[in-house]
Amino acid sequence: MTEVNNEENKIIKPDYCDPELFCTALPKEVPRMNNIIQKFYDWAQANSLWLLAFGTGCGSIEMRPLYTARYDISRYGIAPRPTPRQSNLFIISGYVSVKTLKRIIRSYEQMQNPKFVIGLGSCTINGGMYWDSYNTINRLDHYIPVDVYVAGCMPRPEALIAGFDELKKRIKEGRGEGANEYAKNFAWYKANQKKIIKDWDMPDYNW
Amino acid sequence: MKELIERLRSKFNAKNIKEQRKNFVFITVEKKDLEGCVLYLKEFEGYGHLTLLTALDWIEKDQFELVYHLHNYSNKTDVSVKTFIDRKNPTMVSINNLWAGARVYEREIKELFGIDFPGCPRVNDPFALEGWHEIPPMRKDFDTKKYSEETYFPRPGRYTKDNVAQMEEQLYPVEAEVKNGIAETVRKK
Amino acid sequence: MVNPLYIVAILLGTGFLLPLISKAGRRISLTVFFMSLISVSAISYQWLWSFLFGGQTAAMFYTAGVEPPLSINFLIGYKEAIFLTAVNFMGLVGAIYMSTQIKETGYKAMVLFLLMVLGLNGLILTADIFNLFVFMEITSIATFSLVGMDLKLNSLTGGFKYMIAGGLASVFLLLGIIILYSLTGTLGIESMSQYVLNVDNIKLLSIGSFLLIFSFIIEMKQFPANGWAIDVYDGANPGITGLASATGTAAVFYSLYKIMPIVSDEILSIIIFTGSLTFIASNLMGLMQTNPRRMLGYSSVAQMGLVMAAAAWSVFSQNDGIFFTSVLPLLLNHFFAKAGLFWISGIIKKNDYRNWGVIRENKVLSGIFIVMVLALTGMPPFPGFWGKWNLVLDLAANYEFFWIFIILLGSLFEAGYMLRWLGVTLKKTSEKDIIAYDSYKVLAIEIINITLLAVSFFYFFRQNQGHLSYYLPYTAGLALLGLRSLPERFKGVLALTSIFFYGYMFLPLQTGFVFFFNAMFIFGAFVLTIATLNRKKRSSTFYGLLMLMTGSLIAIANADNILHFFISWEIMTVTSYLLIRRGNESEKESYSYIMFSLGGAFLILSGFAYAYSQNPEFLSFNILSMAQESSAAAFILISLGFLIKSAALGVHIWIAGAYSKAEDDVTPFISALLSKAGIFGFVMLLLTMGIPKTEYIDLAYILSWVGALTALIGTMMAIHEENAKRLLAYSSMGQVGYIILALSIMSGLGWTAAMFQMINHFLIKGVLFLAIAGVIYRTGTADMYKMGGLIKKMPWSFTAVMFGIIAISGVPPLTGFGAKWLLYEALIEKGWYLQTGAAFFASTVAFLYCFRLIHAIFLGQPKNEFRNVKEAPAWFIVPQYIFIMVIFLFSVFPKLLIDQITGIVDPIFGSGLTWQGGTAITSLGYWNGTTVMTIVGVIFVVLAAGLFIKSPKVQKVKQFNIVFSAERPETPELTHFAYEFFRPYRRALGWMIAPYAKNFWAAVTEWTLTISDSLRKIYTGNTQTYIFYILMMSVVLFYVTVGVK
Amino acid sequence: MNIIHVIGFILMLIGFWGMLTQKNMIKIVLALAIVETGLQLVMVAFGFIKGRTAPILDSAELVNNPASMIVDPVPQALVLTAIVIGVAVNALMLTFVIRLYQKKKTLSITEYKDLKW
Amino acid sequence: MDNFWTTLLYAFLSMFLIFNYGMLLGGVVYKIIARVHGRFGPPVWQPYVNLVKVMGVRTAISHGIMFWLGPVFRFAGGIGLFLFMPVVFGSVWMQNFSFSGDLLLVIYFIFFGQLGMALGAAESGHPYSPMGIMRGLAQVTVSEVPFALAVIALAAQHGTLSITEIVAAQQGGIANWNMITNPVATLAGMMAFLGMMMHAPFNLHLAPQEIPVGPPTEYHSNFLGYMQANRAFFASAKLILFMNLFFGGATNIPVLVGKTFTLYMFAVFVGVVNPRFTLENSIRWFIRIPTATGIIAVLLYTF
């Protein structure tokens, strides 16, 4: 049998927790201001949702029609945004495998403080049809705080729009504090995440 | 096809020949003959396309079965070469030098069944699972339900119904009730 | 006065006595041998002394009191005394050089040596033509024997060829002598030259004089009948070769010179023709040589051709002054340098010039080597330079432009191979080799070197009487070369002090453009020299060369006539070449630089010569303006030379290599200061000459397009470079293109723009190259894609580069915008709209390389290996910030600078710019640098403060905290996007920067070398081929001169 | 122009022919000697004046009136010197030939082409 | 300049005006694009909501000082560009600081913000940022060529580089506009305008699918807010510049609104019906047709 030279395919991976490469600070709670300005901001947040769509499964197919002329979410001030830095709404649209979860956590942590999560479909609620898979999580809210679940397999765009409405209501009521919740219960979330992600190759919080 | 089978039989001692269709045949060869067999099929018989390479776990026989599915573009025929390897010591020669695409299959089989292919590039890198520490999940002795329940915080309240009973109840409620009543009566007795 | 007959007597007597004395022992015979040489030398010195200072007149001496033709008679005059002194001096030094060898060989060698010296003396002294033959044969036989004495195959082969050629030459000589004698009835040279005028049989006379001259042409080893001579130079013992090359040719040349009055003008023109042909052909063939001795052989032959042609020219034009101002310096230059180099080649026994790096083990010898090679290439202040200069000007005064072309082209070829040799030797490290340094040999070479320098300075002072103050800027450099053993920093401080002192003393005395350029050179050199204080490694020559280069720049700006300008130009070229060559692996690049620079210098010289031909009396710049009527040719030649120095499009291919391979703290000097020399040249040229009007073409228009395209293509090339220094080099090329464009406008506004842009470029390139030097000093690489993210490690350098690129790209509010604004206003005012468009395109493309420079180095992902780099040393940072302060000063108050410029420019062209408060107003638009700076500054500060108040708590993150499609970056190298940054741009506009110029020059080089290679194949090494050439040459030349009639 | 001139020039041409065509080095040296001989004849012929005698003052008549009786003595002196020098050069050349033969054991001139180009 | 403070006050006033105009223009354009798509589209005040939301984000991260300063550069560039331009011809209070420099200053000041922004974005270390910058800068360099040629042609036509004077020369009816008097230059200028507005088909630098939003991919919260606010100034300033150069300027605010809106619609409509060019294609296109047009425009005044 011929020996294949593995050298050229080798990837040199730096130490993942190298503090030179990653910021090691942990998230802090940023409390709400109890005044009219906060209300104004809440209103603006609710009316300008920039969504980061994490298309993991069949959900990503269901989200396309949202932008079309038939459903047109832009009339609610909702617009897709390609980078988590600028988005404030995170949509997990389907089953989440362990490998995917890692990316979800990273993206979620890269979003800035008022940030909201919608879990789309049964898979994010209880694992759905993949409930007994060795590789698919069952409950998304054990790993990141979820504001709204939209049930169904798959839910139709109308259901998703209803979900957006629910989310807006939550935000305007001042209950969209997922980011602060995450910071408060950081240890619990992190323990859950680390329980299933065995090769944890990132710092504890991805700024 | 017949001639091909004859040749394979004489050259590689192919056994267990099963002609699935008139252009599709399964053969089984010894582990040591496998590489020569696929090489022969590729170079001399025109089976230039490796459609599939997969594995089966015969836990009762304590064997893994590897299936090499080859396709011939010119006369549109397929040959599926099978071989059995020991489950205790699952090692197989790599055919990545014949088909570069075999690397992906071999990596996948390595990850999901734990069959090693020495010499295949990056065969040990994770493929779909990152940081998997259990026994390979596609092996029959791995209990995926148990693992899922232990690991993934199953949401309480989920229940399972027998599919047949569920459909009967929905479509034929009277019959189902009667049936259930009979069953209950029988049980009571 | 001692009778020169004693020379013969002493040499002959010692020669006969030596076999007897040798019985008494080697030591005594050697003593006697040297005594005789010393006494002979003493006699000639005494003659020379009395001619120089004693008012001695020429004297004739007869043997035994008998009149010629029955006896030998000697004539000694001024020229004879010079040649005698030189030959005897060289004989003595040669004897010192070969003393070990002579001692070993015994009295035979001494006798032969003495006989050779005797023959040489006789050749010079004799006044009748037959004794000329006798002495020539004595010299020849002695030389043959000396050549063959070491009994090596090559020596013997060479000697045999030499003898065959010599035999043929003597046949022709005798035939010529007898014919001339039969016609004139005399053998005395002087009487013969008078009697030939009365000869009736012109045909026979011309045959006779042709044969006479032809034998000398063979003896002088003229092309193509000279293959044997090069074989002798190659094969024989270097000691003998050096002597033969120097003294032999000198004596033979002098005897040829003596008989030149006999022959007719046609025959003289044959000498000029063959001499020039030999000069160019031999130098051309020398290009392909790898064996230094053969190279020297070709050079030797070529030099003799030139000297012979020049002497013939002096006789032909009946201008005896040329003999002293041109022929003699050329000859002496060759005389000392060639002997010295041959002798050095006898110590460094390497048959391939690429292995000559070993010479650097011996500091003395390598210094002498540099001096001699530079002397041979005709650099100032060596005599060869004065010879060529005077010859060219004299030829120009007689409208002999073709010969000027031949001489300059041949000189370029010669410089080509000599400097290639020098370039290899200066830096290349070859295998370690133990060289046996015979102390006598080194001593002899040192004596030669000192004499060469003395002769150089003699000619230098002679040529520059009353102008010595002009050479003041060079003193610091020379002094530092002398103080070479001091510590490096101390020398640096000395250099700084001298620049400061010079500026303090002399800057206030100057006005106009001279002041302007001088201020720039002095200030720039002062600030940039600070950066060199960072040097720790001891170098004996660095500061000397640096100060010489700075001095040459100042001297160029101070030059008041074309001679001073040209000398400084040459010194600048050489010193900058040596400085560039100091960089590692700079051999090819520095060679290309010096060849282009020399080519440019020769173009300038020919342009000067052309202008001089219009007014042969003066050397001042006014000849340029006086020559205005027909001066388009001069203008084109001179401006081509300056364009080469400014790296204009088509002749730019040297720039990137030279800039990038020079040492990092030298590059700022080259870019910020040296490139301005070409600009000063243009200023000088345009001020004196204007742009001449021609009937068919508008030179100003062409020049403007050259400038615009240089700017555009230079910028285009800069954006595709991976190496930071190459990028900045092309950027420099583009920026200088703007200056040329602005100068060609020839209006007040245009020149204001040019000067503003020049100051701008000077400041910015100083900052940028210094900053890059600091970065390279810390990281050890100039490849930008290998760096990245250095902003956190080198914030000061980053800030400097940031200001630099904002200024260079012309973005308001920094000075760059002022330059661009002035340029466009001037261009549109002039009506050159398309050039404006091209310049505009160039200036926008400049953004691309600016961004690339700062991004690839300072922004993006820091690499692991540069994690621990520190900020560049303060020696680099401080000068950068001095420049930046000046940039800011001129940005906020552009009036300060523009007023200075308009003060100089307006009296010449009239004002194009008016001021209203702080607003500059032209006929087209207006600009107020101060308010722009204020407004931008206020907005910036307000916005920054607002952002700070709005979000005071910002989480600082690290390099890998980026949104990487939810992945984690693998390595910084894979994440830093810097390599081939503008690839789409290259795909779309790559046709603009296809290497047409590079291919053209490569083809020129290739063709030259191919011609050289095929030409040298005529020297097959077969003696019969050489005989054939000699005979064929005689036939051809005979038909050309005599047979036609 | 007389017969001796012609013979001398013919000898010279023969010598040149020999130098160009003969490969043997000794023959080349001899050819050069022939050239020199021819040259010497030519030189003597140039000094010859018809009806006069050699410039050897052996009789009283000649001593008394040399100028009208003898031919020009200078060319003859020249020839004598040239002969002497020619002999010396030829001898030296033959020495070189011997030395060269010792080095390479051949007399063919085409073998000595180590130095070229 | 006699009263600096008055000038300053007027400048603030016009800045306020142009900010709101730019914001609303953005909203209207979103609406129009949506209508072309057959959608309802966001409300016209959506840009304000977005701005408030972005400014209301509670946390922020920074990659370094240049990253922090980048938006400041950008915003200062936008405001500066606007301030160096006379907005309404003949109006006392809409002249801004146009006495500081002429057309060349305005053209070059466009680069100030872009360069500063490029530096800031590049410091983030994200490979998409320099990629987007490379595309944007490369395209700007070529689209500036026809623009420069058009400007040169105008300068040759009017003998001045002062924007005010160019506008003044166009007064007195549509027949005096440069669009009519110098159609070739206008054509070249308008083709360059497409590239300079960086709308489709020349918006490869944003390329949301391939290099998410290009240069500002790492920017968020207040930084992004600065950039959004800048967009209002910058786009309006460019529109005003083109209006002044080719379409007779404006003598009052309604004319200003009308003309700039029409100009913007030109770019928008070209954008919505055209696919995106690759960088090579757009460079080649700009260097061919618009540049050739510009050269013709210039040659008309050379001979």
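Every chain is named by a letter (A, B, C, D and E) in the order it is written, and numbering of its residues begins at 1.
Going forward, a residue touches a chain if its C-beta (ideal position, glycine included) is under 8 Å from a C-beta of that chain, and two chains touch if they have at least 3 such contacts.
Just so it is clear, the structure is predicted and the values come from calculations on it, not from any experiment.
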| item | value |
| --- | --- |
| Shortest path length from chain A to chain D (each step joins two touching chains) | 2 |
| Chains contacting each of chain C and chain D, listed by label | none |
| Any chain in contact with chain C as well as chain E | A |
| Among all chain pairs, the one with the most C-beta contacts | C-E |
| Nearest-to-centre chain - CA centroid comparison | C |
| Reference chain A; chain at largest CA-centroid distance | D |
| Farthest chain (mean CA position) relative to chain E | D |
| Length of the line joining the C-alpha centres of chain B and chain C, rounded to whole Å | 81 |
| Whole-Å gap between the CA centroids of chain A and chain C | 71 |
| Whole-Å gap between the CA centroids of chain B and chain D | 109 |
| Distance from chain B to chain A - Cα centre to Cα centre, in angstrom | 35 |
| Junction residues of chain A, two or more chains touched | 83, 85, 207 |
| Where chain E touches two or more other chains at once, by residue number | 59-61, 212, 217-218, 221 |
| For chain B, residues that touch 2 or more chains besides their own | none |
| Chain-to-chain touches, reported pairwise for every pair that qualifies | A-B, A-C, A-E, C-D, C-E |
| Touch list for chain A against partner chain B, complex | 1-4, 6, 9, 97-99, 102, 125-127, 131-139, 142, 192, 195-200 |
| Contact set on chain E toward chain C in their complex | 55, 59-66, 68-69, 71-73, 75-76, 79-80, 83-84, 97, 99-105, 108-109, 111-112, 115, 118-119, 122-127, 130-131, 133-135, 137-138, 140-141, 144-145, 148-149, 152-153, 155-156, 159-162, 212, 217-218, 221-223, 226, 278-280, 283-284, 287, 294-295, 298-299, 301-302 |
| Touching residues (chain side chain E, partner chain A) in the complex | 30, 34, 37-43, 46, 49-50, 52-54, 56-61, 208-209, 212-213, 216-221, 224 |
| Residue numbers on chain C that touch chain D, as the complex places them | 69, 130, 133-134, 137, 140-141, 144-145, 148, 151, 153-154, 156-160, 163-164, 166-168, 170-171, 174-175, 177-179, 181-182, 187, 227, 231, 234-235, 288, 294, 1016-1017, 1019-1024, 1027-1028, 1031 |
| Chain C to chain E touching residues, read off their complex | 789, 791-792, 795, 802, 805-806, 809-812, 817, 820-821, 824-825, 828, 831, 833-834, 836-837, 840-841, 844-845, 847-848, 850-851, 854-855, 859-861, 919, 923-928, 931-932, 935-936, 939-940, 943-944, 947, 950-951, 953-957, 959-964, 975-978, 981-982, 984-985, 987-989 |
